[in-house]
Structures are given as C-alpha cells and as structure tokens.
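Structures given as structure tokens follow.
The two complexes that follow have chain A in common; it is paired with chain B in the first and with chain C in the second.
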Partner chain A sequence: MGLEYVRISPGFEKYMPRDYVDLVKFGQFGREVDVMQLGQFKELVEEHPMCAGCYMAYFIRIFYAALPKPEDTIVLGTAGCARLALSQAAVPFIYGNYGDTNAVASGLKRALSIRFPDKDKDVVVIAGDGGLMDIGFGMTMHSWFRGEKFTTIMVDNEVYGNTGGQESGMSPKGVQLKMAPLGKKFDKINAVQLAIDAGCVYVAKISPTNPKKIAKVVRRAIFAARKFGPTFIHAYTSCNIEYSIPTREVLADARKREKEDFKFFEWMTDEVKEYLEEIERKEKERKKQEVKS
Partner chain B sequence: MTERKPEQRVVDPEYLILEAPRERKFITGSQAFAEAIKRANVDIAIAYPITPQSETMHLVGDLYAQGYVKDYYRAEEEYGAMSAIAGAVRGGARAFSATSGPGLLRGLEAIVSWPGHRRPAVLGVMTRVVNAPLSIQPDNVEISYLLNCGMIVLHAENQQDVFDFTLAGFVISEKVDVYIPVAVCTEGFFVTHAKGYVDLPPEDMKLPPRDPYKAPVPPTDCEIPPARIQRDAPVQKSNFMSYLIHAVWQQEIWSANNRARKWIKHYLGGLVEVVNPDAEVFIVASGCAAAQGREAQRYAEMEGLNVGLVKVKSIRPFPAQEIREVLKKAKAVIVPEHNIVGWLAKEVKAVIPNSGIVVDGPRVYGGMTLPVELIMEKIYEAFGVKKAKKTVV
Partner chain C sequence: MYFVAHIHENECAKYNCKQCVLFCPEPNCLNYKESGHTAWVWTDRCKGCEICVYVCSDLLKRNCIEMVMVKAGD
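After this line comes the complex of A and B, so read on.
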C-alpha cells in the first residue's frame, strides 16, 4: 500500500490537521526531493526538543530528506538523544528497550518480508554509540553476521549525552567524562572495521559536513540493504554540550574531525557497487529527461 | 530451494480447538509444544538454546524445515531473541519462542515490555532453577517474575495441557479485546522430557493466519494510517501528561488481562479445575504440583478423608473469585509447590479472607520431585490423623 496510507480520504482534508495536509500535499511522500532544496518542501521532521547547535539533529534532518521511499520506511531507535527527534518524524518509529534495535529490526524486517514478499519496505536503525557499540553490541554484531537486510546508522556523539555525559566505547582515549574520572583508558572502538568483518555489504564513515554527500550515503546504504544484506553508516554527530563546543563552531569542529579521524570512507562489495552504479546511472538519465521535458 | 508446503487447510479456531475429532498419542511435553505449533499457522519462530527448553525449539526447527513455520533462526541470546519476537509481531507476524530459567530472566526486559507494546505472541516457559548454585533441574520460581508484567500466564500440568494451552494461547492472545502475550509455563523435564497421553486434532488442519489489522494497536508496516504518529513525544518527558499516559495505558493492559478470563473459560474450560468441591480440606496447586495434588486427593479419598483439589490453570489472570468461592468452607488449604518462595501460596492467601487456613507447603526446589507422601503428611496434619512414620530401608 505504501503511498496509499498517507493519503487523506476525499472530503476529510478540511478536518485533518494543517500539518498533516501539508505533509501529504507538499511533503516527500511519493516523490524524491533534493536535499539542497531543504526549506522548499514540507519536511518529515521539523520540531524536536534537541539542544541548540546539536549536530545530531542536523544529521537527522538530512537523513529524513534523503529517504528514497519515506512512505515505506520504518525507523527504529533506542534510548539516547536521537530518538527525541526520530519519534516526531512523519515516518513510523519504533522505540523498544535499551540497545535492542538490531534484534527488533531483524524480527520486523523478516515479518515484513513474509507478509510483503514483492515490496521494498525499508527498515533503518538510527541509534547512538552507546546503543549500538556498548549495550546493544551483541545484537548489532549478530544482525550483521546473520546478513539481516536493513540499514544501521550510528550517530556517534562519543558520549552518553542523554543520561548526562558518561563515557562510551566510542569516546576517544584519554577524554575525561563522567564514569571516566581519570580519562578514558582505552581506544575508540573501530566500528567500521567490525562492520566489514561481520558481513556488512556497504559501510561508510562520514563527518557530515556536506548534505549532498550525506544524502548519497544514506540512499546507497538503503538501496544496498534492500537487495544484498546489512549496511552500516558511522556518522560523527558531535555533542556540543558535553564536549563544550560553542554552537557557532559545531560545523568547524565537524570539518576538523573530517581531516583527522573521520575522513570520508566508503566500502562496498563488488555486486553492491555494480548495483548502485546501475541505479545512479538511471537516476541521472531520469533527471536529464526531466530537465529536457 | 524446493517449495516446502505441507498440505494443511485453515479451519475455524472454534472447530480446531473445541470440536475436531482427536486422536490419542503418547508424546513428550516438548513434542506437545511442537504439535501445537504445527497447527498454529506460525509465521516465525526464534530460538536460543537452553536446557530443558532446547528440544522444543529443535522440533519447531524441524517444522520450519518441513514448511509448517515460514521463518526460523537461532538468535544471539535471549534478549536478542525476545526483542526480535517483539519486532516480528510488530511487523504483523505470528511468532513463537521458548526459554527456560536463566534464559527467561535474561530475556525478561524485552518480555515484560510485550504487554505494554500490545504484542500478541506465545512464549513457552519450561521452568528450571534460576538461582545459584547452578542447576538445570525443574524449579518454577521463575514464574513469579512473570506475574507483574501484564501478560497472561498459564501453567500446564501435563503434556495435554501444554498442547491445549499453546494452541489456544495464540487465539486468546490475538483476541481484539485481549491483545497481550501468553506465557505457557510447565515444569522442565518432568513434563518436557516425559511422555504422556495427548489427544490431538488432525495435523492437516491449522488456525487461520494472524490478521494484524484486527487489533487495538495497529502493526508497524506502513500500510495503515496515520503517517505522523506524534507531533510531540509526551511519554518520554517528565511531566503530568507522561504520568497520565503511562497510567491509563497500564490500566488498559491489566483490563485486557482481565478480559482474557472469558476466553480462557471458553477455550480451556475455566481458570481452575475443581475436584470434589464439597471437601473439608483442599489442595490448591498448579503445573506439576497439581498432578501430584491429584494423586494425593485420590489417596485421601481412598482413606476416607474428604479432600478436594483446585488446579489453577491460569495464574494471570488469577482466578480470585473462583478460589474464594471453592474455599469458603474449607478448614485447611494445602499449597504444594516446586519453588522455595511459595508464590502460589501467597496468591491464594491474598484472595481469601481467612488466610490462616493456608498451609505453607509442602515445597520442593532445586529440581527435587514432589512425592505424594509429602502432601499426604500435610493432609493428615490438617485432619489431626496420627500416622506412624514408615521407614523404607
């Protein structure tokens, strides 16, 4: 059904909330938007209670704008900052228990495949470094080992932001945080290498400084997951509160990290590469046609 | 891969559970679970090994290989398994899993959130010791951990109960006015690994598939409105609205639990079974202890002692009214149990006005059997009968 469920039944437009009507009329359902046109269409997520200057909120905004098929997408999250925005988007959101995202997504994706074998239903996990690499580590890894066909996006702020700034496995070594009063004693976990070794078919690491690039990576991860297996994006989404980054310097910080340990990295299997090239070639052709007509 | 599709036809649950001709088989409790799954039109089963549950999920795996179950996998551990069950049920599938003792406790955080998320499913619980020192033997203390989460908790006495409770469990769980999960508990080994007679309906019949749209809370499958779930997320905040939403939601879970009574009566013949309702002294028991209680009641009757039995089939919802009614004139109530804490005795005491008549025990734990003689001793005490202790050499 997909698109059909977001449509408003004839005659009901005037009773539906304005916000909902706008979503259907001027939103992303049933059409692809260009992230560079943010502000010119009704976005899937608008209001959220995340902190001013939160880079994670920015990433999430771009993520939603990049969705190839929002009317057939389900997002899963867990405890942490991200879910504050995710739960308010116009895309079904599942908030389970602590760190359970990749297990819940496994069951969900399998159920949808049983019930709708001929449809693409995109399942995307967006969880933090604590959720995916600490408390949910086993479930994250095993969903990859099993080859589950959904996308995992780690919004890595290098700290437990929502519980008040505790050390996570993704915090850099030496950083002094709550629960690490003498500074973190071990290195940041190499999540990207783990993802490759565990069987992800598409893996990317990104410091989200370029919205076009973020959108491209998100779409690639979702397309590859539909057909081939697990995909993973490791995104640096700084916590300006716990790391005391002045709001106006958040982007500069992301750029700095991009030059250091968050250099853009992308890895995929040969068949994924071939598949994505084919999709992107067709997209280009279609856009050319559109411009012509 | 070859198409695996066993020949089965969908029949009305009323017919399959209550009317279809039955054939008697001599099978284990694990097999009884599997026979129920075979007829339950299950979409997905998720397994994780733990003794004594494993055999059941091996058999369910065989059903997957034969095409009776559409999807099946061995999970990473119980928290992962029970979380994946939540995901599958949320996606509209009919799902089954089973676990034992420490596995149940490991999966508990996920399991206790199923009712609140309105996830209908059936969970097999084959009880075993959970506390140290380690043991794999039957002891049902783990059931007490399930009693406060809102799910329906049934306790099977034998292999026949396992089959009936499991098959009916799916139907009860998916009733629109219920829509919470069902735990089918039974003692590990004593029931799962021992054989008993089970009357089975034909294996070429199955329940209708789950209809996830016949639901008080819709599935998450992008097929039904609304698209925007919430503009604000009040449940996640510390304000009065969040307290209120949580409170009314939990009230509704427990009301749903309560509303399951009529379906348990309809499909399973009641929340309790009473033997000799005019007795002076009663044994109130559930699960395997009810089987031993049944024997004790028979012995007592042979000895001319007026003893009755109340077998509690449903622990949640708890048959408070039924028990109060039966025990109205009782002068003593004996509650034999397979655990050290006596959770059933506490439940019984809480629902009668004269809790002093409840005898605490006999209780065995750590895997011990429950000899009928132990119950008989309590019966003699209740009647003031003095018996010379027999010494068996």
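After this line comes the complex of A and C, so read on.
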C-alpha cells in the first residue's frame, strides 16, 4: 500500500508485464482521473471471468475508476460473483469468509488508523445481497451500530448468482428463480432504511445508468467514511443469467428499474453534507485552475 | 470463433461521442482515440454482450457498431 509499493524499480521496466507498465505509466496511481476519461487511461481492474453483459461487472469497473486514492485503498469482498473481478484489480483485495466482510473490515480499518494516524486509508467492502443482507446480516448491522468508519457497497442482483439462483432477502416478492421455483413469499428488505436506522452517516441507492453519478456517490461515501462513520451504497446490478435478461437489454433494464423501485436516493447527516460541499467546492476550483493552466 | 463488437470508425468519428465507451462492462475493452475522435475495441477483451450496440443504435440511432465473428488470432 502506498505509491512506493506501486512504482517499478529502476532497470526492471523491461521485465515487467506490459499491463503492469501501462498501469504505472498511464494509470490512476498518484493522480485523479475523471470517469468521463474512461477508455483513455489504463484501468485498475483487469480482464476477469464475470459473465458477458454483467452489470455487476460494470458497476465494479466504474467503482475502480472513481476511487479517490487507489494506492491507499483496501477492498474487501467475499464469496459471490463480485469477487471474480475484485480479485483482478491492482488494489489490495481481502477475501473475507462468506458473511464476515464487515467484521474483517472493522478490524482492518481500526488497525490502519493506529498504524497510519496521519493518513487516510480507505477501506471498502463490496459484496452481494446474500453476503450482506442474509448470511452476513448480523455483522453488517453491528459494524453500523458500532459506527465503524468504512464504506459498504451492496451489489444487489436480487439472487444468489454465484451458486445458481437461490432467492435472497433482496429478491423481489413473487419472483421465481431456478432454485426457488415456488416464488418468493415476502418483501424485498429495505436495506437503505436499515442503514439509516443503524447509524450510517451517508446512504445512497442507485441504478447504474450514469457513470458520473456512480462515481460521485462512491467518492462521497468514501470521503464521509474517512471522517464521520459508516457509509452505505445499495446498487442495483442485474444478473442477466439468473433473471434471463438478453445482454443487449441489460442497460435498458437498469434504466427501467431506475424509474420503478431503484429511483436515485441519497441521504446524509448535516455535518457530512457540509463536509462534502467543502470538498466538492475545492475540487471544482482545482479543475478550473487546471483548465486555465 | 468469437462474437465481438466492431466499430465503423469513419462513421463514429463524425459524432465526437464516446457514449458506448462509458457503458461497456469490461475494463479497457471499448476505448477512445482522442486523435481520430473514435471509439475502438480491444477485441481480445470483448465478450460480445452488445450493450455498446444498444447504446449506439437503439439509444443514439448512430449505428456505428456491428457485431462480427472473429477467429482466435485475428
């Protein structure tokens, strides 16, 4: 962790894989990129085995491009589809046992604050609906009750995608899945309200239809967690396999859900709001200066 | 054989657009050339999902992306 760890030692450039050299020369380390520059810099996440057209993979792609300080970030994941891409990124990744992510992240964040008291080290959990709201429910909730200062992102595909289609607490009522043929009998859990009630200081719900908006939410959640407490993003990230969405229609589906039950929602405490406004004002000024010079 | 996206660069260059690049799920797969103002596909990374075609043809009606079959090594 840290820029020194990323740099290639002099004389070794010619032995390093091309992708790594590109990462150091044309990547995100030590400089902030704008997500609108995607396709014009070397991204942190590499090729991975997630399915064609998977919008969880898309969300993860935008997440990495949005990181304010990738060289000072640790990502935690667990069993489930997301880890297939999270483990292919040039950001340290810890694989928590299924359900344990928020307990591991709590300890990690506390240790980092003791080891690096004067530095911001960002800890982000990215896990599925099953990992966070079913099997890891207790640990997710208790990390929020305790006010642990890290970000939790739930990539909600409304199913246990990685194990072939069992229903989760986040599946919509009535939905039939391959391994839940009778249809779901109870409502989708209101994760966002739980997060607010449990003490998160910044909470957002988003469908991945606008990369700029995803990036803004990711950055806000990370900045707020540095100073004030737990933050939570609930992202709709469809599973085209288990929900039989033709891949060409995946973005159309995300747009449709945005108009229905995934309308953009954002909530934060007053002190977080003030703090974020200040950061974003400074960012704008810095960008203006860059354009001038 | 692989099914991959192919950009008609001469067509794409007319628009100064970049929208498909922002919605491809794969990293560094659909890229953008500032010099020619055109999107381009790193074929090895393309999984053939056609989300870019949805963006370019269905949403924007620009029809600059065609899905084509390629063989390993093409």
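Definition applied: the second predicted complex is superposed on the first by the 290 of 293 C-alpha atoms of A that agree within 3 Å, B and C clash if a C-alpha of one lies under 4 Å from a C-alpha of the other, contacts with A are read in each partner's own complex, and residues count from 1 in each chain.
Operating definition for what follows: contacts are C-beta pairs under 8 Å (C-beta built on N, C-alpha and C of every residue); 3 or more make two chains touch, one makes a residue touch a chain.
Keep in mind the model is a prediction, meaning the values are calculated, not measured.
Partners chain B and chain C fit side by side in the overlay (superposition on chain A). By the touch criterion defined above, A:His142 reaches chain B but does not reach chain C. Legend: residue contacts after superposition of the two complexes on their common chain; A:Gln166 is shown touching neither chain B nor chain C.
In the superposed model, A:Glu47 lies in contact with both chain B and chain C. With both structures placed on the common chain, the touch criterion links A:Arg248 to chain C but leaves chain B unconnected. In the superposition on chain A, contact of A:Tyr55 is made with chain C only, not with chain B. When the two complexes are overlaid on their common chain A, residue A:Pro211 makes contact with chain C while staying clear of chain B.
Of the two partner chains placed by superposition, only chain C is touched by A:Leu38; chain B is not.
Chain A is touched at more residues by one of its partners, and among chain B and chain C that partner is B. Figure legend note: chain B and chain C, brought together by superposition on chain A, show a least Cα distance of 13 Å. Shared contact residues of chain A, touching chain B in one structure and chain C in the other: 47.
Those residues of chain B that touch chain A in the complex are listed here as 43-44, 46, 70-71, 73, 75-77, 79-81, 83-93, 95, 109-110, 113, 117, 220-233, 236. On chain C, the positions that touch chain A within their shared complex are 18, 21-28, 30-32, 34, 39, 45, 47-51, 53-55, 58.
Per the touch definition, chain A reaches chain B in the complex via residues 1-2, 5-6, 19-20, 23-24, 29, 47, 49, 71-74, 76, 83-84, 87-94, 96-98, 100, 103-116, 121, 138-139, 141-142, 146.
Residues of chain A touching chain C in their complex: 35-36, 38-40, 42-47, 50-55, 57-58, 61, 64, 211, 247-252.
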